[in-house]
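Heads up, the next two complexes both have chain A, just with different partners, chain B and then chain C.
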Partner chain A sequence: MPRVEKLLPLLEVGASIGVGIGVAALVLFAFGYNPGECLAAIFDPHYLVSNAGFILSNAAPLICTAIAFAIPALAGLFNIGSEGQMYLGAITSLVVSYLTGNPFLGIASGMIAGAGLASLIAFLRLWLNINEVVTSIMLNWTLYFVVLYIVTQVIPSPQAGYRSVSIPPSARIGSIYGVPGVLLIAVGAAIVANYIVFRTRLGYTIRVSGFSPKTATYAGMNPRTASLYSMLLAGAFAGLGGALIVQGIVYYITDTMSSLYGVGFTGIGVALLARNMPIAIPLSAFFISWVSLGSTRLELLFGAPSELSQVVTGAILIALAAPYAFRLIVHYIRSWRLVKAHG
Partner chain B sequence: MTRPAIVVRDVWKVYPDGTVALRGVSLEIDEGEIHGVLGENGAGKTTLMRIIYGEIKPTRGEIEVFGKKVRFRGPWDAMRMGIAMVYQRFTLVPTMSVLENLFLALSSVERGARISDARSLAEETMERTGLRVPLDARVEELPVGLQQRVEILKALMRRARVLILDEPTSVLSPLEVEALFSTLRKLKEMGITIVFITHKLKEVKEVTDRVTVLRRGRVVGSAVTSEVSEVDLARMMVGREVLMKVRRAESREHAKPILVVKDLWVRDDRGLPAVKGVSLEVREGEVLGIAGVQGNGQRELVEAIAGVRPVEKGRIEINGIDVTSASTEERYRLGLAYVPESRDIGLVLDMSVAENSVLTRVREVSRAGLLSMRRILEIASEVVRTFAVVTPSLSTSVRYLSGGNQQKLMVGRELAKRPRVLVVSEPTHGLDVAATEFVRRTIVSFAEGGGAVLLVSSDLEEVMQLSSRVAIMSGGRILAIKKPSEYSLEELGLLMGGAVA
Partner chain C sequence: MASWATLFVDALTPMTPLLVASVGEIINEKAGVVNIGIEGIMLLSAFAATLATFLSGSPLIGLAAGIGCGVAVGALHGFISVYLNGDQIISGIGINMFAYGLCVMGLVLTWHSYGASPSVPTLPSFKVGESSVSVLTIPSILIAVGAWYLITRTRAGLRIRACGEDPRSAEAMGINVHRVRFLSTLLGAALMGYAGAFLVIGWIGQFTKDITSGMGFIALANVAFSNWNPLLAILGAYIFGFFNAVPYVLQMAMGFARYAYLVKTIPYLATVAVLAIVARKARMAMPRALGKPYIKE
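What follows is the complex of A and B.
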């Protein structure tokens, strides 16, 4: 019995991939494209190999924002605010690396900023009982515009009006033997996150609290502190994601925010696909990064509108994450009600 | 001569986990009577009623309803035969209006019913029975007594001829109980048969015509209520075997008290006083048992002792140290071990056997915030070995262990800490005979080795067998503390039934 049960998540992921691809094929068919050709184009291995650097670089910030969702999820919190935490990390790292030229200070300041924001959200939830989903969504947008303001009004580039200043080369993260440095850092982050979750007392406490706050209290732990720390960690990882984008991929932020927008939200999907297991997150991030790049080929090869390629990515992502997300959401609602009922 | 509404013949029920809930129960419920079914927790009352209502199937035996042999596939079959059930926990949607709830019930038996049908049917039923409820009020805004009346109305709307009420008074205030009783008498006059499940002697005497007493899954007697006294009923309910089969550590008069509780007051989840001035002492080498019907403050008492529930007033000492405002962790460090009543609380089902075996001592197995996997595995294998936990491996999720093995893991984990005092709640709830025996033996031998045990159980036989001294708790108070041999059957029954001896 137990052995079969252990295989179930794998089976579920496999079935989801099948369903996701099926739905994507249906959508493509409905819009008059040949699903076979399109899917072959998306999952073309040659394309994967020739764009490996790009796919892997883009996976790096996703790994970070996915961790930022996974750790609070294990503690029983729904961190939809990784988007905003990542924005704040990105802009802080941009400003600090611009001013100091030091890559380490850039990364560290980004992580601290993200952690600070996340602990504010956690504080509101734990001590004033304001739902973290609500505060997170509002703060996401607040920060979006704060970043936009800083980019266009405070540190605009003297050369081009549509973007911020660039960070100096000394603060940029390069490649080692062709492997993007940001990827190494992100995979390292996933390993560290996994270690924290499964090999430290804090991680243990987080998991017990996520299972049931009552059990945590019984065990002599403080579930509130556990939640707070989980958010603190999450914010730091989300901030790291923002810093990696700025210091390792784009070096500046444009007034469309296109390099940042959605990386936090996609991270949720990545985390759900990895069933919130930090060690599985890099794989899941590569896959999502690959599929979303592949989907953009539809536009190039078949003239499909770019929205359609997003629909295809979305269909695959939803099918992958849905069964697990459903269980998770039911669990959240239950525990939220419990919290409300018992103060 | 009245004919029987329901006849139960030699019904057995064995649950999949091996628990035998009913052992050949036979009884007759006459049409138009109020029939009391009396018994302690675990006597099989609720199982029997769920079988009559078609919710679960009997392992053996047969049931007749109005002279017809029936084999229900589900409650809908029972409803069709005119049987309705009012649960202890209501099955109403709190945010909907009364009418909407009635409509919901109606549409489940009558496809295509409209809400206007529900209104007219409800009004007609209220007219017919005199049972009034405000149809347009939201259910959650109604007092509990009225919500219960909605449940009854729901049953009557479906033309129920037999109404089963499961512990209907447990949630009601005394005034609401009076109102319920007069409703029941009125329904009886209209020819409706009522089955009234309870463990309260006084209520049986007050409202029923006949009474059947269940004990340990057997019928121990059936009688016309007016012909038996409360004392007779108490004796039947409790049974002689609780005074025999002694196996316990004897209290030593001058042993040192390890756990001391003085004038403790604690509130329940709703903020109502649940523990009202309890004082007790648990000494080295003894088992102090707390007997009583569930929901009389036992849970709040042990939670306050463990520090997971705030104390309103009073004092708790462990080993002479005042811990009234100490954290749970500090209490554990001072030698307290606590086994909660539910495995859902005492175990993390998603985590492994190894991780669960250090749940309440995780600080001890970590250094500088890092877990020592070696220490965890050492402790886990000790617990598994010493307490005979059957598990495929230490990394198996606890979820896949049987209830008995989960319980052994939980109790074993606490005893492996070598505590000074063990507080244990419902230690054998839902376990099979072998596991029950094992857990009981473990607890007694801990006491014989000098440990102090506070045992809370709604299983009277368990408390009487294992305890050196027994306290009876009712209504948040300790009514008596004596050696088991000093209680008489009548006294026990009356105290358990909430009567003041």
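What follows is the complex of A and C.
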């Protein structure tokens, strides 16, 4: 059935979300909670409507880090360093906008810093053949401690000991007609990313190189430069995500880095849920942001830790890793239909 | 100065989990399966070991629980990678994220703490100068030598390597590629579980949510450093373990309060630097079918 074939990607995504929620229910049950009650609290539509602004703002950085995973993934690289690139973008944007008070300089410097870090990973991978997964994680941890050092030792707030200075109101991103500015920027970024990937020569080279480096070489393209550019773009988008957090959501960084921690990793889940299609990323970021806020609510209502959202995202990822499983299911549906048709 | 001399002995402690986890990954990868979920397996196993030791009072039961937990997660990763032809990297990323969420939830719900578990008994250690070394360090070296013997000197090892190099020919020779790969994943994950359990019952004596803090990925770095050779992995784990011990010793000796955070970056930067130095030589022995699902015709 050709109709089933076309629906396959949607089926995979839907089934993975189902697996994620099912695993969350199991975990809640195992820890002695009522899964039905908890899931109803997470996915309560009234709660969604009354917190829409918060969910949308927090989806914005996720959109950026998701693009930062999706573009190199199309080129055949695993950028799990978006976490560190986002940290660097956030701290650079914080320092620059604190010093200059200019929002554009803050965003631009964050993007450049992120791109710089990503190009280091790409350089080590492409010229020294060092696994990008390893360097990414090492740089994530390095940046984690560097940001903590800057926050606590270089620019601590004179008013409160647990956080950095705040950026001045002139460099903050507000909202337009009630729509968070960070969301508009992030959705704009997704549209730009989609245009680059599907409508430009560079995007075409990136996709061909990811599909088959040999084909790209025969066609006169250079897969190496394609990978390098994909990482540069990724770093810039991850840096943008960091800049949006400090300029549009929290305005400072605390000594636990709670507003930054995990945004890069969650972005990987967002990207894979959108099947690495930039244009689908805002929707999947919205979903994950909703689940995250719902898990926070669970903590307030029942005392169940909000890390449940990571359990959900992790389980969704594990399920998405095995599309073949869903194809098998479709195969069975198909043969069942055939059997039925021929009675 | 005394503390600098002890650094060479102190390095043996972080060396142990790094070595066992990277030997586990070498066995995995020799069979053709990449598992970047080492970090998550170590974290879950550390938690399981803490819980089991806490409940039973015996660190040996904790060790068994850690290994068992490793095998269970390995079975999941193996099933996805081998039988479902899944994407091994994505499965690994998912395992890491899932493990972190589950461990923090477990920590909060079992002990009502967001940071650390209560202290649990550890296995005995012996004194070398001013430092102490866990008894589990000796078996870790035996494990590495045993894995080298298994891979290079036995029939089973030949089968494992065949599955990682050229699964189609291996199948033609009558090897059940899927079964060999699945069992190798289990064995590798069991060793990662041992490494995770060691963090608690051989080293720190309690569970914290950042107990692994990148160790699983340093173990992954050690696989490339050692050129997929378990004997060289001993050297690599010692070097990476050395850099892991540096921040502790620096802080003990000099008390760099102001630079405490910066000192903590040393192991990570050193890992990248060491890899960059040996980069040209590494990757010669990388299994050719690494990370590629084997689809039967």
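Quick note on the criterion: the second predicted complex is superposed on the first by the 300 of 343 C-alpha atoms of A that agree within 3 Å, B and C clash if a C-alpha of one lies under 4 Å from a C-alpha of the other, contacts with A are read in each partner's own complex, and residues count from 1 in each chain.
Everything below uses one rule, namely that a contact is a pair of C-beta atoms (placed from the backbone, for glycine too) under 8 Å apart; a residue touches a chain by one contact, two chains touch by 3 or more.
Just so it is clear, the model here is predicted, and its values are computed rather than measured.
By the touch criterion stated above, A:49 is placed in contact with neither chain B nor chain C.
By the touch criterion defined above, A:321 lies against chain C but remains apart from chain B after alignment on the C-alpha atoms of chain A. Annotation for chain A, partner touching more residues between chain B and chain C: C. Of the two partner chains, chain C is the only one touched by A:308; chain B is not. In the superposition on chain A, A:138 contacts chain C only, with no contact to chain B. Looking at the complex, you find that chain C touches chain A at residues 36, 39, 76, 80, 84-91, 93-102, 104-106, 108-109, 114, 213-214, 217-218, 220-221, 224, 258-259, 261-262, 264-265, 268-269, 271-272, 275-276, 279-280, 282-283. On chain A, the positions that touch chain C within their shared complex are 23, 27, 31-32, 78, 80, 124, 128-131, 133-135, 137-142, 145-146, 148-149, 152-153, 265, 268-269, 272, 304-305, 307-325. Across the complex, chain B is touched by residues 1-2, 5, 199-202, 204-205, 207-208, 211-212, 214-215, 217-221, 341-342 of chain A. Against chain A, in their complex, chain B makes its touches with residues 269, 306, 308, 327-329, 331-332, 338, 340, 344-351, 355, 359-360, 362-363, 366, 369-371, 373, 392, 396-397, 400.
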